[in-house]
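Written below as structure tokens is the structure these notes are about.
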Amino acid sequence: MEEKFEPKIAAFVCNWCTYTGADLAGTSRLKQEANARLIRVPCTGRIDPVFIIKAFENGADGVLISGCHPGDCHYNAGNFHARRRWILFKNLLDFIGIDSSRLYFSWVSASEGKKWVDIVDGVIDAVRIKGPFKQYKKMNKEIEIPVAVEEGVSVK
Amino acid sequence: MNELKQICKDALTEKKARFIIGYKEDKNKRVKPFIAKTPEDAEKLTFSHHAVNNLAVYLSRFKNNIDGKIGIVVKSCDLKAVTALIQENQIKRDDLFIIGVNCSGVVLDVAKEFNKDNTQIKCKYCQAKTPPYYDALAEESKEFEMPDDDQAELMAKIDKMTAEERLEFWNAEFEKCIKCYACRQVCPMCYCEKCIVEKSEPQWIDSSSTSRGNFSWNIIRAFHQAGRCIGCHECERACPMGIPLTLLTRKMGMVAFSEFGYRHGTSLTEPTLIGTYSTSDKEDFIK
Amino acid sequence: MKIGVFVCHCGENIGRTVNCPEVSKACASFPGVVHSEDYKYMCSDPGQNLIKQAIREKHLDAVVVGSCSPHMHEKTFRKACASAGINSYMVEIANLREHCSWIHEDIAEATKKAIDLMRFAVERVKFNHPLQTIKVPVTKRSLVIGGGISGIQAALDIANAGFEVVLVEKEPSIGGHMSQLSETFPTLDCSQCILTPRMVEVYQHPKIKLLSYSEVENVEGFIGNFKVTIRRKAKSVKEELCTGCGLCAEKCPIKKKALSEFDEGLSNRSAIYVPFPQAVPNVPVIDRSVCTYFKTGKCEMCKKVCGREAIDFTQQDTFVTEDVGSIIVATGYKLYSIEKKPEESIYKGYGEYGYGKYKNVINGLQFERIASASGPTSGEILRPSDKTEPKKIVFIQCVGSRDESKGFSYCSKICCMYTAKHAMLYKHKVHDGEAYVFYMDIRSGGKNYEEFVRRAIEEDHVNYIRGRVSKIYEEDGKLIVKGEDTLAGLPVVIEADLVVLATAMIAQQEAPKLAQTLNISYDKYGYFQEAHPKLRPVETNTGGVFLAGACHSPRDIPESVAMASAAAAKSLVLFGADMLEREPIIAKVDESTCAGCFYCQKVCAYNAIEKKEIRDRQGNLKKVVAFVNSGLCQGCGTCNATCPSKSIELIGFNDDQIFAQINAFAEV
């Protein structure tokens, strides 16, 4: 019998709105599925499309990006620059064949704990239906995984 | 032909340019880039349907030029690269002596004669035979009947595929990539001193030529060109593996135009697409 | 690198759904981790001591704490680690409470997620670097832009605290709109009587440098260190010689040609003039647009009569630069003006009220001048057309305010109060007169405000009619006001002698330009934007730039004064320390790879990216690269994501750190 597929979702969120909104979801004890892993950045303007590619390379079945609503950016305009970047990148991914059901964008403010939960659960559900990102996983398999580094190996 | 030679000769004699980047025909009848430094050199300059190269690729190395103007021979498509480089602080307009040439199309296969079946893709949808601005203009304008824009047809076909089919199509194409980076070297807009693919701390893009590395390299290359590619198609011409790279860059150019009404390299004064925003940029895809 | 991991149970808050000992055990096997333990309350003193002890005993280089949100206790743990000798930026927090235990129910799932979150943090911390807070010196001087009541109050507060102030006013005199007012609500005390002593105090204050007839031209720098260029417009009068005797204005032959700005066009002034007798400084300026000498080269009457030889027709605009640490913007408002020629006006609305067409339709400020003892009628209520006493007067509220189709959707806030005041003043002076007020709602929130309006209605018998006026036209010297009484449901026609429009308060037309100079935001109406509507109402998004008064939104005198004092207090907070400390989370350029495309400069909302020339030893230009002004950078990282070659990176959120986190995702 096939094991039930549980998608892995990488979420890049801005510190001021969505991360805080997710905090609020926690303080309000709003239950959500446990498939998403958040990576905090100061602003959506900081999110480079290579992050998304790298997340897929590391086994993400879906990527979620979220920040402050337009006009609410803690840094005035970071989300506006980000939005323009996403329009271009999303169209590129579409053309290459990474369809929109793998990549999600949202605006979630610090007060929208409930919205955050709905978005996360929605993305998890959608990607669960979509199934594992086989095409990318196939590419990943080609790369030989380096032997686990021994303990004590110095890191920069 | 005399006209171009004469303009360049005069420019070099009168020191309007300290050298001119142009084309010359070598002994095998191949038209190649050539730098004319003296009025005598100017005699060797030429222009023809075989003058394919976008010479603007050489300009960014002169961005801190202080020794007098640099002459350059440009077709209207090449001039877009010049304009874009000026906008991106890679060269100053005042440092250039631009010799525009009327162009009626360049060849796809340099070994063959120019004709309807031997035409660069970009020429098939070229809007301007004459460069919009220049310091001197050479060559007569000639009209040629252009074949159909078959690339646009292919793009429409790809658009109609399912996501899986598209991914398959591109995987098959990127599979061929040998990571020689010729596409980057020949690109006038790829003037970074250290390309992201060469950065190792961290290494965002696998440097090995695996399908995963090829995939991310080609995606990121296309993304870095989004809103910046001026459509000279040099990348595809340089690619030894025949990957249809301009499908991607042209697509991004079309998106820039359809979403933002922007075409890079067409105006010296218009703010660039990247680096600006509008509060009314589309966001129907954001929840 | 030796990393210590500490997992907090947060009482039962984390421990109930996350198996903390198991998390701690899993972390112990992560590469680089040399110490891992869990404890009931990490943030408590004994908990912090556990961390400090481990740092000392195991010589840790970095610490990862699995606890509540970093927004809660990141500072606590950073401080604890710093006190034990490791740099506070070598600490990472994994959010095991808000983002894990509180939102999940399944212990196995939550524990697995907690281990992942810990792994992310451990991988990230390996690429953290010790950072030092940035210290920038503070210039303890302030610039106040605008010399109305807000600017005056802010300048005096700062100067009285012992710091220098440069006060810039674009008009020849300070005083602003308040100096034009007759009496003020709700106490009916004379406006000039309370204002002019303040103006004189400004003029005589040793710490205040008053630059009248001047405008801010350019602002460079950042919080604590602004360099401001100010244009001093040519007064054509040598300020240091002038005694303010007024003879020049008296003898100026073109008395009738210029309309007095101070009297809102209800009287005339000469070409050389002081706006009003109590002006500060009491130095005239020549209005070159009407002066005969500047038009024809002849006259020079003022020069002939000036015993001090203070008149200088050759004077040019000059520029001065001032170094200041803070800037207070107090540029005030103007009134929505329905121009004399409506077709030329940028405000299209209310042609039907006949302002500009009929002399006896005036706005609120004009009525203030008529009612003012220093005004063109010496305080007698006389209508402009024939200088007779109006027996019937109509006030119309919300002209331009609360009307999106014709003006602005906001409420101008002060009109209800000043209209009540106007009606009251009228009734006090014209005992047999009738006053009518057309209103939409009466908004009289404020101390003694509602009582004031009730007094107008009940004691002074002002007739309040709820409804809008549709049309005003002139007939036999009367203004026929056609409106509607919506409470009675009847049309109303009043034959009035004078109509006063309470036109909207609007932002200064030059406000957007000034906002761009200061790099602050403004709303769609042109009002300056505060940093936070609730918690930072006088600050702007640009550090060190504060707002005071009606340049922010419509407000009355007490509110403006309060806001000005708040802005002054904010400046003084800044001046309280010699050095300003800032988070070191700022962008940094790799000059060796920067290709100088300056896309980073384009995306920077703070003008923090500058151009830097790199030269060789002979002084030849090698390249031009981006340079981050650490005083201006706010650390958003948009430049980092935009840079194609990653030659600019955000310290604290650099590519290495995020890359490590994403890579750790592989083991999720």
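Brief remarks on what is shown
By letter and in written order, the chains are A, B and C; residue numbering begins at 1 in each of them.
As a convention for this text, contacts are C-beta pairs under 8 Å (C-beta built on N, C-alpha and C of every residue); 3 or more make two chains touch, one makes a residue touch a chain.
Fair warning: this is a prediction, and the values are worked out from it, not measured in the lab.
Viewed as a contact network, the protein chains are fully connected, with every chain touching every other.
Distances from each chain's CA mean to the overall CA mean are smallest for chain C. Interface comparison, A-B versus B-C: the higher count of C-beta contacts falls to A-B. Taking each chain's centre as the mean of its C-alpha atoms, subunit A lies 35 Å from subunit B.
Work out the mean CA point of subunit B and of subunit C, and you get 47 Å between them.
Counting only residues that touch two or more partner chains, subunit C has 603, 642, 656, 659. Among the residues of subunit A, those in touch with two or more other chains are 54, 77, 81, 85, 156.
Counting partners per residue, subunit B has 196, 201, 204, 274-276 as the residues that reach two or more other chains.
Interface residues of subunit C, counted against subunit A in their complex, comprise 1, 31-32, 69-71, 95, 97-100, 102-106, 109-110, 112-113, 116-117, 120, 126-127, 521, 541, 585, 603, 605-606, 634-638, 640-642, 650, 653, 656, 658-659, 661-663, 665-666, 668. Remark: subunit A residues 8, 10, 19-20, 22-27, 29-32, 34, 37-43, 45-48, 51, 54-55, 58-60, 74-78, 81-82, 85, 117, 148-156 touch subunit C in the complex.
Partner subunit B is touched in their complex by these residues of subunit C: 592-599, 601-603, 620-624, 642, 644-647, 655-656, 659-660.
Within the complex formed with subunit C, the residues of subunit B that make contact are 60, 63-64, 66, 88-90, 191-196, 199, 201-202, 204, 224, 271-272, 274-276. Contact residues of subunit B toward subunit A in the complex are 158-159, 161, 163-171, 196, 201, 204-206, 208, 210-213, 215-216, 219-220, 222-223, 226-227, 248, 251-252, 255-256, 259-260, 273-279, 281-283, 285-287.
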